[in-house]
Amino acid sequence: MRIAVPVETKPGEARVALVPDLAGKLIKQGLSVVIAAGAGFKSGFTDTAYQEVGVEISADDVLANADVVLSVQPLEIANLKSLKPGAVTISFLPVNSSFEILQAGADARITQFSLELIPRISRAQSMDALTSQALCAGYKAALIGAELSPRFFPLLMTAAGTVTPAQVLVLGAGVAGLQAIATAKRLGAVVSAYDVRPSSKDEVISMGASFVELELEALEGAGGYAREMTPERAAKQRELLTPYISKSDVVITTAAVPGKPAPLLITTEMMSGLKPGSVVVDLAAESGGNVAGSVAGQIVELNGVKIWGGKDVPSSLPFHASQLYAKNVVNLLNLMLDLESKQIRLDFDDEIIAASAVTHDGQIRVESAGGKK
Amino acid sequence: MRIAVPVETKPGEARVALVPDLAGKLIKQGLSVVIAAGAGFKSGFTDTAYQEVGVEISADDVLANADVVLSVQPLEIANLKSLKPGAVTISFLPVNSSFEILQAGADARITQFSLELIPRISRAQSMDALTSQALCAGYKAALIGAELSPRFFPLLMTAAGTVTPAQVLVLGAGVAGLQAIATAKRLGAVVSAYDVRPSSKDEVISMGASFVELELEALEGAGGYAREMTPERAAKQRELLTPYISKSDVVITTAAVPGKPAPLLITTEMMSGLKPGSVVVDLAAESGGNVAGSVAGQIVELNGVKIWGGKDVPSSLPFHASQLYAKNVVNLLNLMLDLESKQIRLDFDDEIIAASAVTHDGQIRVESAGGKK
Amino acid sequence: MSDLIALVSIFVLAVFIGFEVVSKVSTTLHTPLMSGANAIHGVILVGAIIVADHSKTTLELVLSLVAIVLATINMVGGFVVTDRMLEMFKGKKK
Amino acid sequence: MSDLIALVSIFVLAVFIGFEVVSKVSTTLHTPLMSGANAIHGVILVGAIIVADHSKTTLELVLSLVAIVLATINMVGGFVVTDRMLEMFKGKKK
Amino acid sequence: MSRDLYDLLDLLAAVAFILALKGLSSPRTARRGNLIGAGGALLATVIVFFYADTPDSLPLNNLGPILAAIAVGTLIGVPAARRVQMTQMPQLVALFNGVGGGAAALVAIVEYLKLGATASIAVLIATIFTVVVGSVSFSGSIVTFLKLQELMTTRPVIFPGGRFVIAATLASIVGVSIWVVVSGGTMPLLILGLLSLLFGVLFVLPVGGADVPIVISLLNAFTGLTVAASGYVLEATLLIVAGTLVGASGTILTRLMAAAMGRSIFGILFGAFTAKPIDAASDGVARPVKSGTAEDVAILLNYAQRVVFVPGFGLAVAQAQHTVRELADLLTAKGIDVAYGIHPVAGRMPGHMNVLLAEANVPYEQLAEMEEVNPTFAQTDVALVIGANDVVNPAAKTSPGAPIYGMPILEVASAANVIFLKRSMRPGFAGIENELLYDPKTTLLFGDAKASLTAVVSALKAL
Amino acid sequence: MSRDLYDLLDLLAAVAFILALKGLSSPRTARRGNLIGAGGALLATVIVFFYADTPDSLPLNNLGPILAAIAVGTLIGVPAARRVQMTQMPQLVALFNGVGGGAAALVAIVEYLKLGATASIAVLIATIFTVVVGSVSFSGSIVTFLKLQELMTTRPVIFPGGRFVIAATLASIVGVSIWVVVSGGTMPLLILGLLSLLFGVLFVLPVGGADVPIVISLLNAFTGLTVAASGYVLEATLLIVAGTLVGASGTILTRLMAAAMGRSIFGILFGAFTAKPIDAASDGVARPVKSGTAEDVAILLNYAQRVVFVPGFGLAVAQAQHTVRELADLLTAKGIDVAYGIHPVAGRMPGHMNVLLAEANVPYEQLAEMEEVNPTFAQTDVALVIGANDVVNPAAKTSPGAPIYGMPILEVASAANVIFLKRSMRPGFAGIENELLYDPKTTLLFGDAKASLTAVVSALKAL
């Protein structure tokens, strides 16, 4: 069985879907692995490193003849067509916005897996790439906040006077938010956080930060995710959050609702209370933004306040982001691998397979994307 | 008595020599303060903020008629000439490389103070701008290391495998080095450090880092500073350090010897052992560099290793750097201020005044710059 | 001082010692301590021997011999079983 | 049981209590404890009163009266001074 | 030997008993203490053969039968004590205590028979006390033995009107006692003995399984007092001292045990009067768990060779990271091998435990990943699970359908002892019950993880 | 009253004494304990007036003089005890102890005079013991009083050949004792008393000032034993019990005190024999500092209302940040007000203390800057200086020319007590001596800051 890893072509993408270490393990299991030359370069893995563990390096198209294709971003439609029928692809694949890709995959009778749809159950956590990449993004968000701020994060009492600690506010305390809290706290900032899920208070406290209690009902959706807010609740939440935002030196937003655009948590008006030199880090910029006016991949300055819009954030930590991602992908692959015959054997009774396989046997399997499940 | 604060003109300089808070205190003491319009802008202090505490904002030349001029960088020679004789300037002023400025100041009968020459005695610590700015630089150095590294700093054991902590090596454990250690440690890195001073071992351990013991004699100079190395010792030190450097993911260098170019601690050859993706942060780049090939203000890439050369580093934390600097300057000013007459009264019996006044009464007072003391 | 008062004094002092001596025992030692104390009251054997010595009638003798058997079981068995319980504390560090 | 043995038993038991009762005292209480114990042995006053009662000769009486004075000083003064020492422990929390 | 010498040697034996109890109160000296006690008992037994009121009455009358009886007792007691399994020791202690009480009662009866009408009132009262309490202790202990050995139900046995029967028995005992004092004679005393035996049974029947150890301790103290009383009858100071010591220490111990188990002695003693049959039925519905105190945990840790900490979300909620490190430091200082077993999904964020433990300066080397630590649990004496649940839940292996089924877990069940620090029996994130909580090798220490750990640290320092 | 009732009441008094000593061993119960003791003593004193061998011998002979003597004693004792200053209490205790010993000796002498030749050998030996030890205690205590009151030198007084004089005195005491036993009579006993008085003086003279408290405690235990012995002579059980209690607890206490001060009792006792005059001369060259134990520090902290921690470089070197927070938490939980006074240049890096304390999760609100904390020292009971030196060195204000002169410092000297945790008398970074270390209100706890703090935490928990 042949596993192929192409070069990621999306601009800004620095990760690679398989790292030498794990490729070596697959090869030891009796599989063959081919990788496009230079695919690991941006994340710090040289071709030599792959070769050393027995990976075939190919300067040509690695996809032809591949049984399984591992990638970070979804394959382009042209490439899908060059795959052999029955082949499996594993990658991120946002079903709501990728109808053409799904259709192409179904037409080519390819089985496509979407990592976004891995269910949030304990057993599947080792395949949950959303979590592992959110971890990288959260860490980075706090570092960027510290880096852009004209202030120290920690309290320091010195002979030249006392430096007061930065006030950091984290909105959205999911995986990324919690890691941002942890990192900002480590740097010495005074951190508080808000989230809509009922369990988030304990989670925030468990990171040593203080929880911002708003007089609002909690919102819990399916699978441990949040639900979308009604416009009224959104307005109310913004109103109640305003004083907390004004007090902050750095605001980090990470709020998301699966399959929906990111909720708008901060309006331009709310930011007028911020001191010049304050920093807003919007990790949700790519999916619509939690902050009005944030632009993915740019720093927008507004009345002396810097608004950093995240874009491909995990790619800025490419070494570890790739390592974690590859582990997720390989764990999923192992779930569908029959070790004796060394063939893919899909068990659609398995909740994970059933939920994350988005095309199979010429069918689109996701309702929201127009297929049947 | 009139205290003036000009705009800093050096490119990259974002600090200001006086912050509103302290300006207000001086005004309460009965002094008058004038500041060039926009002088505090880059560090987050608006003209309004100064005005609120009673500072006069001037769009014209603030220097004419000033009794005391506070600045971060030394005044340009042209400006010195516009000062009235007997005026006092307080700023950084590297005596070894600023002969013309000293000469111009002496000629104009200006009393110039060099903050670099404040003695390292406990009483003078509150005026020690080298220390306060090194603090900012050290903090920033660690952040930059974390930011540039493709890896996490902390250890994280996750469902997608274990992320190993970054190995950070700090060379030169003075004020900046110690703060870099503290910050890197806070972020979760495994930190070790080396310095030549005999007391540095305890100091490194007191930050929770491990000390790299080399089989070399210690080097202690005057005033708690280091001495310059002999070429033999330098070579030996480099040889012994090589294995430690190879093991590191991030190397931060801060070594300096007062009045001398920074010692070369890492050669290009020594860096060949570094993994791709490693980061070298050279805080000493402006004064010659601890690392071969580092360029102040740039990131040089060499075999996948990023070498970041520091330039105006405290300016990247302008708010707090200015606050600390201003406090140092005001403390020094208060030392020479006669509170009743509200006039400058210089007491050359005071060790601090004697050491840091570099021109006075038409004379250059520093031996190394050709004057007599 | 009358005998009674002497005995009462001894009784009172013994009560104090009994209280003091065990008042800080840790939970894990509750059972061994109870068992050890239990073995100690097996010293009623001494009383049983004395009454056996004094016995005049067969009834008295039989009853006292039964008492001796019971008391011996209490005393000997008690110390042995306590020792076994305490085996967990031996051989380890400290 | 002979009187002697009774007294010895009481003595031995009292030794145990004496040991047990103070064996965990903290350093700061050393002096008050010593002072308190000192006051307690002022109870020799009782002995002094008894011999004064029994005194037949003037010498005996004078000596026993001196003993009473001394013992009273010991006892009364001892308790009072101990109480004063312990004032630092009063009025504060806990 | 002279009376004085005999008394002095007896005093020595008494001192040995004091030292024995003292020794038994601390783990380090417990064994030695027990041996000293045994030495004292041996001394006391031997010298009684060499003392007589008049020298020519030596050797003792009935020497042969006496020695034979001792031999029989030894032959019964020693093998029983040797062979019993760890788990059955409590009932054996109960049995030993019972026969001790019986012996005391018999001694009092024989002495009564001998003295007849010459007995003083004080002696009579002491005799009655010995017979009553000794018999109660005897029959009561037998019942506790039966309960613990599960030869009868461990549930409280409560029958309708039971409390009136008990009250009536008690009243009769008082009545017959007065009869004995007033009229003397053998008959009333025998009746008294029988009534007391009955009372002992009635007294223990309503006690539930969990309270039995407390009752044993109480009966033990009772037996001590009977021994002291018979010492008074026989004018044997040693018996007075030894009996009093056991009575006093037994009383304290009973109180301590009741406190440790959160029971009220009063409630247990008068359970028969207050318990209603209805309660009995509802009893035993909740599955039993073994909960311990901080001292228990401290002792388990103190005598371990290797301890693995398993932190989870609860550690983070309690923010107990500093305390856990303090505990680890303490154990390490005692030469105990300590590791942290970090499950990849412990907590609520990847690397959650790392962040916490790094904050507490736990050296990275002590953190072991799941794959690394799992094989070592078999050699681990104590697995201390701190606010974790799902990550050690065996349902991941045994319950297909559970949301965690298929997830690898930290196999703490292979350790010799498992301790859970949590606040309640509530499940964790996945919301499923954890069978391990009910495992016999598991001890639960309820409470906020930080408070519990602090208590364990204190207890460990006090050892 | 009947002998039995009298004896029972006496037993009650004895119990009161036991409870008194027990109470006095813990700060919480100490005062109550003392009151109970006083109650017991009162009871014992009152009942002696109501008991006599034969009822008609009441009231006591010489009742008037007896009451008068008691009044005199009270009039001397109470005001002395009331007026004495805190610092002079030890010598007053010494004095009280001495008169107690004297009283016991007198009682024995009077009883001896009364009994004459009728005294048994045992009584004679007890009498001799009482006279000898009572007299030693009397004269020895007087000398300790003189030393402590500085009415004579506090240095060890050692004269050439001193040890031979002492040995000779001791030998004579033994000889005269035998004489008393053999021949009886008043004269030998008086000689014995005088010799014992002399011995007491000789015994205490060679003891150095620092050891005097230990000797007082020893003499106190001695007096206890004499009281027990006179109890035997008078057949008064209460005296036996009370005396023995004091003797036993006093012995333990002496050992504890010696251990706490790092002295050997043996060395002190036989100091006279081993000390050479030369040693005396070299004594007192080093300036005295007051060093304490972790328990002392714990008690000071426990009874404080406000404590300020002053961390310095030593805290960082010892990496004791977690332990210091633990201590702060413990104190806070006791309702004590805790703050950290952070000097701007403490440590070796700006903000050094902040980094450390943040690592230990010390809340930012507890950190007080110098300007903020300095005015509060006057209301602070304890300033705990942890591995800091220069930042609290008053030389910054008092010694022009010192490298730190002119630097503002943390003014810990205004606090009621100052405790330094450091390893030695070595100075800090600036290399200058710190006068505050020699201040009478300063206590030094030597050792690595982390170890010291750990010990203080344990001690505090054990209180």
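Note that the chains take the letters A, B, C, D, E and F in the order they are written out, and that residue 1 is the start of every chain.
Here, contacts are C-beta pairs under 8 Å (C-beta built on N, C-alpha and C of every residue); 3 or more make two chains touch, one makes a residue touch a chain.
What you are looking at is a predicted structure, and each value in this text was computed from that prediction instead of being measured.
Trainee: If we look at chain B and chain D, which chains touch each of them?
Mentor: Per touch definition, common to chain B and chain D: E, F.
Trainee: Show which chains lie in contact with chain E and also with chain F.
Mentor: Shared contacts of chain E and chain F: A, B, C, D.
Trainee: Of the pairs A-F and B-F, which shows more C-beta pairs in contact?
Mentor: The comparison resolves to B-F.
Trainee: Please indicate which chain is farthest from chain F, where distance is taken between mean Cα coordinates of the chains.
Mentor: Taking each chain's C-alpha mean as its centre, the farthest from chain F is A.
Trainee: Measuring between mean CA coordinates, which chain is farthest from chain D?
Mentor: So the chain farthest away from chain D turns out to be A.
Trainee: Rounded to a whole Å, what is the gap between the Cα centroids of chain D and chain F?
Mentor: 17
Trainee: Chain C to chain D: how many Å between their CA centres?
Mentor: 34
Trainee: How big is the gap, in whole Å, between where the Cα atoms of chain A centre and where those of chain D centre?
Mentor: 80
Trainee: Roughly how many whole angstrom separate the Cα centroids of chain C and chain F?
Mentor: Measuring from centre to centre gives 40 Å for this pair.
Trainee: Can you tell me which residues of chain F touch two or more of the remaining chains?
Mentor: Each of 18, 22, 237, 241, 319, 344-345, 350-351, 355, 358-359, 361, 462 in chain F touches at least two other chains.
Trainee: What are the residues of chain A that contact at least two other chains?
Mentor: 125-126, 131-132, 135, 154, 156, 158-161, 163, 186, 188, 208
Trainee: Touching at least two other chains at once: which residues of chain C meet that condition?
Mentor: In chain C, 1, 4, 6-7, 9-10, 13-14, 16-17, 20-21 touch at least two other chains.
Trainee: Touching pairs of chains, which are they?
Mentor: After working through each pair, the chains in contact turn out to be A-B, A-E, A-F, B-E, B-F, C-D, C-E, C-F, D-E, D-F, E-F.
Trainee: Which chain F residues qualify as touching chain E in the complex?
Mentor: Per the stated touch rule, the residues are 319, 322, 325-326, 359-361, 458, 461-462.
Trainee: Taking the complex as given, what residues does chain B use to touch chain F?
Mentor: Going through chain B, the ones touching chain F are 121-123, 125-126, 131-132, 135, 175, 178-179, 182, 186, 202-203, 205-208.
Trainee: Within the complex, which stretch of chain F touches chain D?
Mentor: Contact set of chain F toward chain D: 13, 17-18, 20-22, 24-28, 30-31, 33-35, 37-38, 40-41, 44-45, 48-49, 52, 60-62, 65-66, 68-70, 72-74, 76-78, 80-82, 84, 86, 89-90, 92-93, 96-97, 99-100, 102-104, 106-107, 109-111, 113-114, 122, 213, 216-217, 220, 223-224, 227-228, 230-232, 234, 236-253, 256-257, 260, 292-293, 295-296, 298-300, 302-303, 305, 334-336, 459, 462-463.
Trainee: Given the complex with chain D, which residues does chain E contribute to the contact?
Mentor: Contacts found on chain E: 3-4, 7-8, 11, 14-15, 18, 22, 235, 237, 241.
Trainee: Hey, which residues of chain F end up touching chain A in the complex?
Mentor: Counting only chain F, the residues touching chain A are 342, 344-345, 350-351, 353-355, 358, 361, 364, 367, 369.
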